[in-house]
Every structure is written in C-alpha cells, then in structure tokens.
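Letters A, B, C and D mark the chains in the order given here, with residues in each chain numbered from 1 onward.
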Amino acid sequence: MAEKVGFVTQGDAKATGDIPEVGIGMLGYAFMGKAHSHALKTIPHIYWPPPAIPKLVRIAGRSEEKVAQAARRYGYESYSTDWHDLIDDPRVQIFDNGGPNDQHAEPCIAAAQAGKHIICEKPLGRTAEEAKRMLDAVEKAGVKHATAFNYRFVPAIKLAYDLIQEGRLGRIYHFRARYLQEWIMDPNFPMVWRLDAATAGSGALGDLGSHIIDLGRFLIGEPVSVSALMKTFIPERKTEDGRIAHVAVDDAFEAIVEYANGAVGTLEASRFALGRKNSNRFEINGEKGSIAFDMERLNELQVYLPEEGKPDTAGFRDVLVTEASHPYVGVWWPQGHIIGWEHTFVHELHHFVSAVVNDTPVGPECGTFVDGYRNAVICDAIAEAARTGQRVNIAY
Amino acid sequence: MAEKVGFVTQGDAKATGDIPEVGIGMLGYAFMGKAHSHALKTIPHIYWPPPAIPKLVRIAGRSEEKVAQAARRYGYESYSTDWHDLIDDPRVQIFDNGGPNDQHAEPCIAAAQAGKHIICEKPLGRTAEEAKRMLDAVEKAGVKHATAFNYRFVPAIKLAYDLIQEGRLGRIYHFRARYLQEWIMDPNFPMVWRLDAATAGSGALGDLGSHIIDLGRFLIGEPVSVSALMKTFIPERKTEDGRIAHVAVDDAFEAIVEYANGAVGTLEASRFALGRKNSNRFEINGEKGSIAFDMERLNELQVYLPEEGKPDTAGFRDVLVTEASHPYVGVWWPQGHIIGWEHTFVHELHHFVSAVVNDTPVGPECGTFVDGYRNAVICDAIAEAARTGQRVNIAY
Amino acid sequence: MAEKVGFVTQGDAKATGDIPEVGIGMLGYAFMGKAHSHALKTIPHIYWPPPAIPKLVRIAGRSEEKVAQAARRYGYESYSTDWHDLIDDPRVQIFDNGGPNDQHAEPCIAAAQAGKHIICEKPLGRTAEEAKRMLDAVEKAGVKHATAFNYRFVPAIKLAYDLIQEGRLGRIYHFRARYLQEWIMDPNFPMVWRLDAATAGSGALGDLGSHIIDLGRFLIGEPVSVSALMKTFIPERKTEDGRIAHVAVDDAFEAIVEYANGAVGTLEASRFALGRKNSNRFEINGEKGSIAFDMERLNELQVYLPEEGKPDTAGFRDVLVTEASHPYVGVWWPQGHIIGWEHTFVHELHHFVSAVVNDTPVGPECGTFVDGYRNAVICDAIAEAARTGQRVNIAY
Amino acid sequence: MAEKVGFVTQGDAKATGDIPEVGIGMLGYAFMGKAHSHALKTIPHIYWPPPAIPKLVRIAGRSEEKVAQAARRYGYESYSTDWHDLIDDPRVQIFDNGGPNDQHAEPCIAAAQAGKHIICEKPLGRTAEEAKRMLDAVEKAGVKHATAFNYRFVPAIKLAYDLIQEGRLGRIYHFRARYLQEWIMDPNFPMVWRLDAATAGSGALGDLGSHIIDLGRFLIGEPVSVSALMKTFIPERKTEDGRIAHVAVDDAFEAIVEYANGAVGTLEASRFALGRKNSNRFEINGEKGSIAFDMERLNELQVYLPEEGKPDTAGFRDVLVTEASHPYVGVWWPQGHIIGWEHTFVHELHHFVSAVVNDTPVGPECGTFVDGYRNAVICDAIAEAARTGQRVNIAY
C-alpha cells in the first residue's frame, strides 16, 4: 500500500489557529477544470474554518497556451502539458481528474500508485472493465477516491435522500428520470470528442445517463435488470477537417429498470430534446410520499407528504431548499437567495477535502470508485439490452 | 310584504319521490344568459336529489330573433322582448337578472315588488345610490336576494375561506389582488356598452374590480379606507356608427386598501394587461399561513402552512382542489378531473335555489344585495380617492 | 349491410329552421353514463345550430333503482335493466356503450347487426381478438363507429396535433407519456371490477395506458416495437364479501416504444403514484419544436418553437388554449375562462353526432374501432414483452 | 477635483500580457462584505482577461476578531477596525462600502474627498438629504460612483431592460412589483439594526422597497407621483439587553405610482409575508408585450410577445436566461446550468472595475449615486404620502 500524506487535523487547526493546506493537482482546464478550480478557491470563502485550504499546486493540459492561461487565471503555482508531472509532484496530495473520458484510467491508476487521493469526473471508465481496473488500483493503494457525481451535492437532492432514508416516503414504487439536452441537434454540428466512441465510450448514455443512473442508485437502491433502446438520429457528422465520420455513439437512450427493492423505473437521456437545455428531472413515488425535481430549478424540491399535514391541504409542496437547516446551503446566503449549478462542486470538493484531511468516509454522501464502477456495469447492461432487445440482469 | 310562492319542501321530495320544480325567469340571453341557463339545466345532472328542478319558464331580451333562439336552445317554455313579462308571469318564482348594468335596478325592484326571489349579476348598481334602492326593495319585499359574485363558488376560493375561518392562517396581514384582461387594448376596438359610462357605470372597476373587492370582503373583512388611481389609456373610441366617442370609464385602476382587522392590501384591475386573458389572482399572508390563487388555474390553491408539517419540507403546496371532501367539487367527477369556469354558476344557482326552496340563508356563502350595495360603496370610494388624490374612508 | 337510419341533414335544418333529432340509447349509468348523458344534453346549449338535438331515448343498466333514477335525472324517456332493449328499440339511432369492459363486445356487436351507429368507451375489447370481432362487426354493418378516446378532444391536444400536422415541429424524435393515479394504493382498498382480470382484461395498462397509447398513435404515428415491464405491487385484495382474491392485473406498467417514423418513446401508467390524481402528461421533442402537456392543467399547452420568434426570447410558451381560434373551445366562453375535463365528451359526442347526421368521417379526429383494435394489439404486445423480457414487434 | 489613480488600460493588458491590478478597500465583513469579497475574487476566474485583477488591500469593521478572520478568509492583505484607515491607505483605489445604512454617508464622503472611486450598498442614504450630500461629494471629486442596486445585474432583468429599450413591448401601461420576505414575523424576533430608525432610516421601504423602486426607474422611467400606506404590525420588540423598544420603522408599505410616460403601477414590500423568503417579483404590461419575473427563479424570464410568433401559440414564454447570447451569463457555464443570487455581485463589480479602469460610464447599466439619491427622494415621498394620506408629487 502506498504511503498516504499526513495532515494537521482539522481539530488541531481549530485549537491552534493553524488551518492546514492541501495540495491540488488538476488535470484539465476546460469546462470541468474551470468548475473545479473555482470551487476549490471558493471553499474558504464559504466554509470557515475549512478542513484545509486548497493550495492549487499544478494544472496539466494539452495546450500550453491554454494551460498557462488557466494557471494564471485560477492561481495555480505551476502548469504542465504532461499529466505525469502531476503524479511526480510531491506537493500534490489530491489528484483531481477533469480530463476527457479516455484520460481517466491511466492517469488515475498512476496517481493511485503514487499514493495520491483521487477525485475523477464521471463516467469513471468508458467500460465496466476499465472502471474495474481503476477501482482495483485505488483499493490496492488505500487512497481516498471519489467519482464526481456532483448532483448528489445539490441541496434539494440531498434533502430527497434524507427524506427517503428517514422512511418518510415509505416503500418506494416508482422512479422516473430523464436528462435532456439539445446541443447537437443541428446536423451541421461537428464531430467532437463527446461523439467519438473511442474517446467518449458512449454518447448520451455515459454523459447524461450516468448521472441519472447514479441518482437512481443513490436514492432508490441497486437495480436488478434493464430493458433498453438506443438511438442515433444523425449517424454521420463532419469532422473539423472536413471528413464525414460515422457516429457510433447514442444520441439518446431509453431504459426500463427494476430495482432490488421492487421499485420500477424509466431512465432516459437525449441530446435531441429541443428546448431542454440541461433538464435533469426525476420523480419518485412511494407509499407515503412523492418527490419531484428539476435541475433547471435546482433550488426547489417538490414534495408530497399527505400524512404530514391535513388532508384538505395535501398537495405537492414547492420547497425552496435555501434554509439554514437544509443540506449544504446554510453556509451560503440568507434564505431565498438561490445558489447555482457550480455550487455543487464547492460542496463536493469540500466534502472530499474533508474526507482526506480528517480520514472520514467519502461515501455514500459522495460517489466513490465503487459507484463509478457499478455505474459502468449498468451502462454496459443498457447497451447490451438495447443491442439484443432482451432484458439484461445486473451483476457487479 | 309581498307574498312568497310556496314550495313542496326538499324533505317531502325525498320522502315521496316528488322533487319540486322552481320556475325561472331570465333576463338576458348573451354571455350571462348562456352561463346561467346552462347551469340551471345542469343542476339535476350533478346534484341528486336537487332541492328543486329548475323549470325554465321564460326568457326576455331585446332582440326577438335572438331571444327566440335562446329559448329553443336552452329549453325555455316561452320568451319575450319585454322584461315586464317576466315580472307578470306567475310561473316565475326566481327572477335571474343577467342583463347589462343599466338593466339591473328597475327590473330587480319591480321583481321584488312582485314577490319574486332575485339573483342579479354584478355589479348590482352602477352607483351606491342605485344599489341602495335595490337593497331597500328586496328587504322591503322580504324575498331572497343574491348578487352573483360567482367566484365565491370556486372550490379553491371556498377552501381558502374555510381555512381562514378555521383560523389556520392566524391574523391576516396582507391581501393583494389583481384582475387582468387584455380585450380592449386594440385602439380600433369599438365603443361597446361596457365602455359607456351611462350603461356600465364604470370600466375595469365595476366589471373586474367589483369581483376582487368582493373577494377581499369575503375572505379578509370590511375595508376602512382606500387610496386610488384610475387611468384611461385610450380616451377616444369609434362607435359602431363611426362617430368618435369619449371614453369616460377607467381602463385600469389601482388601489391601496386597509381593512378593519389591520390587514393591508392592493387591488388592481386592468383591461390593458397583454397576455393576461382572465387573470384574477390574489395572495393572502397571515400569521400562520399564506394562500395564493389564480383563476386561470382555478382548480388549484397554493397554500403555505408551515406549522402543519415539518420545517424541512415547508413550502407552498399546490393543492389540486378536486377531492370529494373539497367544497362543491365532490358532486362532479373523480379526483383530478378538473372543472371549468362555468361550474361556479352551477354551484351558485344550486345554492340559491336551495336557499329559496328550503328557506335557508343566502349569505355569507353567496353574496346578497347587502354585498352588492357595499361593493358599490367601495367602488364609489375608489373613484373619489382617484379623483381627489386623497385617502377616503369607507362608510356604509 | 344493415340499413342506416335516415336524417334530415344539417343543411336542410338551417334552411328550414328544423333541426333534426337523433335518438340515443345509453348503456351504463355510472361514471361514463353520467359524463356522456350530461354531454349529450349540453350539445345544443353550446353548439347552435347543432347537427341534431340528441334525444335521450333509453338508458340501460343492471340496477333497476339506479337506472330509473338516472333516467329521471338526465331526462331519458325510458329505461331498462336489459341492454337488449336498447338494441331492439327502433328509436335508438346511436348506441352509446359506457358499460364496464366485459360489456363492450357482445352489446356492440349486436348493435352493429341492428344497424345502430356506435360509440364505445375504451378499451374497446379486453384483448385484441375481442376488439377485432367488434371491428369486423361494425365494418360489416357499415355503421359509424367510435372508440371514445376522449382526450383527442382536449383543445390543447388537438392544437398539438395540428402543430405536428402542419410540420411545425419537424421530424419527431421523442415522445414520453405517463398517466399516473393513486386511487388503489391503500392495501385495504377492495377488489373492484377494474382489478378483476376477467372483467377488466388488464389493470393500469387498459385503463390508463390505452389513453396514452392512443395519444401516441394520434400524435406521433404507428409503433413498430415495444419492450415492457408490468408490476402488481399488492398482489392480494379483499373482495367485498371478505374473501382474499389474487390480483392478476397490473398496478403499473412501463414500456419503451419505437415508432415507424423513427421516434422513440416511453409509456408508463400507474395507480401507485401518490399525489398524482389524474396526471396524464406527455412531452414531444421534434426537430423544430417541442410540446408538453398535463391533463391536470388541460387548458394549457407548453410549446417551444424557437424559429417562430427571436432567439433571445425562445422559451416554452404557456399557451392558454382558450381563444376563439383554438380547437373546440371557441363555442364555450370568452378567452381565459377555462373549461373542465367533462367538456371533452361534449366535443366528442358533438363530433360523432355530426358524423352520423352528415355522413362525414369519424376519424382521424375521433378514434374509431380501428383505433380501438390497434390499441388492443399494442396492449397485448406490451403484456407479452413484459412477460418474456423480449422486445416485441407490433403487427396489426 | 481629486486626482484619479492611473491604470494600465485593458487594451495594453491584452497586447502585453500584463493585466493591471486595482486596489480594493472594503467596509463591512458581514452579509455584504462576504458577497462583495467573494465576487471580487471570482472576477478573474470568470472573465478573462479581466479589466483588472482586484487586489484585496484592506478590510475594515468594528469587531477585531471578525475582521481579522474575514481578512484571512477572503485574502485581504490587511485589516482595520477603523474605516478611516481605508481612506488613508494609498493602495486603495476603489472604496467598497458594505456597512450598515448609518455608515454610508460619512465614509463615502471622506472617500470621495480622498479621490477614491466608490461603490456603496443601497439605500445610499437614510434620507434624501443625506443621499444628496453624498452625491454632491462624488460629483465634486469627479470619482466614479455606484449605488449597488445589484438586481440590475440579474441576466433576466437586463434582458427585460433590453427588450423594453428595443421597443419590443411598445408603450408601457403597467408595472407591479412586490418584494416579500418573512424573517421578522416572530414577535420574539429581537430589535436589530434594520428595525432601528436611527440606524436603518426606514424598514421594508429602504431595505426592500428601494430595490423595486430602482427597478421601476431602471425599467419604466421616472415616477411623477405616489400614494402610499405604511404599516408596523408589531410595534414593540425586545432589544438584546432585554428592554422593550418601540419599532419606528415600517414592517410593510404599499404604494401606487404613476410614471412620467403614463404607466401606472403598484409597489409593495413586506417582511410579514409568510412563505415568501426573498420574493422580488414584478410584472410589466406593454402595448406589444408583457414580462414577469421572480427573484426566487432568477434564471427565468416570463415573456409574452404575441407579434413575435403565430397567434395560435402565443403564450408567456419561460425563457431560461442562460444562453451565451444572454446578458452577463455567457461567461459562466453552458446553457441550462443556472447561476445564483451572488453572481449579480460578480457582474456588478466587474462592471464597476471596468468603468474605473477604462474610464467608461457606470450608468445606466449600473446604478450611480444619482440613482441612489433619486431613490431616496421617492422613499421620502412614499413615507410622506403614507403619513398624510395624500398623493405626493416627485421632484428631484
């Protein structure tokens, strides 16, 4: 087992006034690199005292011009065009992998072998096999590991989780989730990495579907079987250099899922839902209550709890999840002052930094590599069910 | 006091299988004539046994062709172009006045003197003085009287009333109501009777404002003072014969109101609110709860009752007011099968027929001529406050 | 071919002032009997001149007390406890079957053989085989036939249909529909006819699913394959006489469907969705537009049409479908005065009476027995797919 | 005129790679201190290249323990318990006043005299007289000045502004705005500075009302008259040291306003609206369009533009204001990834820093001290109208 880096604990920090620092190495400067870097800098502004102050040690990415700019912009001490430099840098205690899907496995495995704690963007691997090798590596190394299913850190979703855990919905009957976007509907939209099977693994399934598969596991439990359909509406796209390329990934998928606890559900993701910008919605129906959520109104949770109240005024409650007593959100602003999408990363990275510094569990509040691996197994099963037209059982 | 017509009582009807009939005389065949006639025919379909089966005896209106058609359409036994025939017809027990505003006072007073029970559309009179004469007439005659503020019979509004009566909102702090339409915004829209001061009395104030003034009195209590502004955005219109006429009625008004119980509120009505088709919305904030309502979603009531439930899931509840246990609506369809605007007339006329047949009180569930008169006093006070720029006290 | 009953045509009626009558025989006095009877009486109140004035000739049902009361309540000239009397009554021109599912086939076939025009509640048959025999009978008799998928007559749904027909959504990619209720969630809810496989055929599938299957065919087109899951959450119920009975019908089903035009969709129905009273919602995503609908707000249609308008203000439009120019609704009230669920029956029966009187087509505006039969084929395929775990192709 | 501090311009920065720094001195470490400090640090994360990188030079506040912690938390180079130190520090180029209302005038005037550019929280002064002195000071000094009406920087509100400026709503008829909170409804809530007339000046009026008064001026134009009512529901509160204090500020106010362009409106603010956490809503109705907004859903704008589109699909559009082309929001995340309340400060401070560095105008995009002063005049007029019961004309 690789040696873990030692920390002054949070308790000491409070006692002495010394708050420790934790060194971050970031892979990727684009969408996820920006979101993670900004979140890491935000932690001490919002949590005080923080478990540790993130020290942005080094950022890596392929374009020197862009990675240099990113380093200056977010305040990294150094940058590199070679991710190995992150692994080799002894100041890096947490390796944060925000690179494209084909840059997940090798760097994470190397980081684990070097004893770094790891948080990796989803989907963890492009296949269950790849994800399994990553899981094996972190378990062997004994490091903390997280798969960045950031939507677990939406206050309203955590509130939903808490309500279910407290039994306030009773036995769960239904889960229906769909994650809809529209950004590749134009037939002239080019062949980008997210549409390339070799780089991305899958299309809407791994990108959007993995989020709702995770929410199903987080909120409802383990699935036991899936039936599915996958669809590529526009099977050919132009590459940036003008060639016609075949699109081998799914533009959309639809699945029926049965859970071990008897609940049944539908899962759907699409990049062809005009007008739906980032519409991750789900509904849960239980014996004693129901819940509905929409990511485009992420500060709200719709809750139906007829036994908690009088019958004449039973109705879905539009809970504005911004009270000090609600999950995560009390550190921000007074009630009614809503937060945005990026804040989930602040919650997630604060949680992971805290788990690293204080040696506390990463899951189930945060997804781990176990969750990343199981997610990949389900994605593979959905792809198989779609291909064969047969219901497929889930086995990890 | 005029002699009232006798009825076989509802109790006897149940015992013997004989359900009485009650004779209706209707003034007006247009918008309100259609709504009232259809509602009267609907009563036995929905309420069984009904307090009485409405017998459509006679309908009166100015155009012989139209009134003849209306008679055939709704099943009236006879028709007339002279409203006096309704008064003179001994079969008419209930006089239902759905004519234009300048046809309210004289026919209602005559009907009262003839001992007819009377339900009259709102606004009762064009001025408080006119309404007072009508009130005096029915009180002198000892007949049942109703002013058809039909929105009291929206199930969601009656539910709001019940919640307030039960004290579940506690002390009331705020009432804000606005009734918005858009149908005269086109400058080429002609001068119609609703824009003519002599016929209509006022514009948005009497037509729309009278509804929300009534809801304020029904739900909150008596007002003690008003400040106001009235506005005519398009001061000249073409008449149907091509003349240019001055518009002396208000296109919109806005008022601040203070209630005797200390609550404060705003009242607003406009026919210049583009996109708002029939948007009668109000919100009430009390010490222990809040309520919001929108007529365009009249089957729903938004209710906030934080003490009835747990703090973590407090939120405005979207109560679908279609349960069998909700006011009025249980006679219709199974839960979730919504009703429409016209159903308020079925509830209202059933209530009035029942009050007549069983000699039970018309108010406070239904507005009476007292409510019609007080409404007119408030309308007059708003007009005065707008004219003078001064806060005006309300005195009946 | 049986001889059809002759009518004075609508044209003549207008010319002469004579509006024909059409004789109705109704089977069933409960939920559907009430809705249909009230709708038939309403036709002349709302449409003038109507194609014919429905004459309520006879109503049949099993309980003499109840059928006698229904006859008086709705104004039927006579009643019977034997449905054969409806067939034998020469005054009956339209046979309206609102009885339970196991009373659909035999009476409808007999009515067809007697030359009656027929409108039958959905699901047409309990199986595709039963529905096929019914279809064969009406086609052989040459009578007009309708399956009462009344939701085709929701103004907002007809508007959606029109938008799609006009090509304003372009190529359709997605259809997702779910119809949710909650009325049998209590384990003590008894074994009623809708839970009995022999009487009802299926559970949520035939009752609720048939509606959304029909909407999919109406709006999107013919399906080519289905995958499915069916679930009975509470497999044993008490009968009214105290026995424990096995529930052989589904409490919920979920299906994935692919359409001939390449669109993919999910279909779901459940009677175990707490808080969802009558929640029939669907969403359609096309190349140029998207649509969303909820039956609990049936006067509204959500429409996204980014090319019709400017990019900066693209958004789902909440269209209040109450304008005079909108389908069906112009005969009712001024804009913004919403209608209810029952009005769909007025539109549907008006359409069918008109088709009968004027010898115009019943479909596609109204479902026919062809639609009822194809619906049953799809229901059977969903049941087979659920049982076998295999994708099943649809073949009529 | 005081000498202004020189800057390397943004153009040079791009050319040379050198981005200038701008020194910030902050008064206040509480709610506004946190929001402003976090926003200043966020600027370079989100805007690149920024007009200047804010350098947090010094923060001042009354409690040494708290101000020292704040300095460490947000990265200020130094701190002080005396605001004069901010004025005396030559590194401070921008003075950011986030202190309580009675700490606005004197420090701002001193800062102006020292040639600092100034952004001050709203309300600018407790009275029009106080605000006028502040305005005179900055005008005399020739420094840039902003009153931090941050809601002008909500993307949806700026979109509304743009639509109105482009004439897409036509002539404006109506503005109705209400800002509702609930945080002092508990009678045991103590006497805090916001309830103390000497410190706060007014209650809901200055705190919440000033925001909607500003939005009215920003969106509609200058008001010409007001009628009003003010109310204190709980006139006595306990101080923290146990005394009973009289509450001289308003718990709620309601006003009618007429604008110079003929539009009429209502303004209301309350801290007694149970269930409304931070509910700043307004609606605008114009000749060609209408707009509605709710701060609790600040990423959305409801827009009705019937001429931009076809009549059959006219409806309020729910515009998700998260597109790259929408105001302010393109620098953040991909479409559909919503932002929160705090982001308005990032936009506002970026704008002010840019105005300072590039010597560009602060208004009308951002409120200036002129806007702060006029706002105070209107607040005073509302108070006078409430006291006298008379309509009061506005004169600056």
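Here is the rule we use: contacts are C-beta pairs under 8 Å (C-beta built on N, C-alpha and C of every residue); 3 or more make two chains touch, one makes a residue touch a chain.
Being a predicted model, the structure only gives us computed values, none of them experimental.
In this structure, the chain pairs A-B and B-D differ in their number of contacting C-beta pairs, and the larger number is found at B-D. Averaging Cα atoms per chain gives one point for each, and the point farthest from that of chain C is the centre of D. Centre-to-centre separation between chain A and chain B, using Cα means, comes to 55 Å. Averaging C-alpha coordinates per chain places the centre of chain B 35 Å away from that of chain C. Inter-chain centre distance (chain B to chain D, centres taken as mean C-alpha positions): 43 Å. Residue positions 276, 314-316, 320 of chain C are each in touch with at least two other chains.
Only residues 31, 34-35, 37-38, 41-42, 44-46, 48, 69, 73-74, 181, 183, 276-279, 295-299, 320, 322-323, 332-343 of chain B touch chain C when the two sit together in their complex. Those residues of chain A lying in contact with chain C across their complex are 173-174, 176, 178, 180, 185, 225, 227-229, 231, 233, 252, 254-256, 258, 262, 264-266, 268, 270, 272-276, 285-290, 304, 306, 314-316, 389-391.
Touching chain B in their complex are the following residues of chain A: 159, 162-163, 301, 303, 305, 308-320, 323, 325-326.
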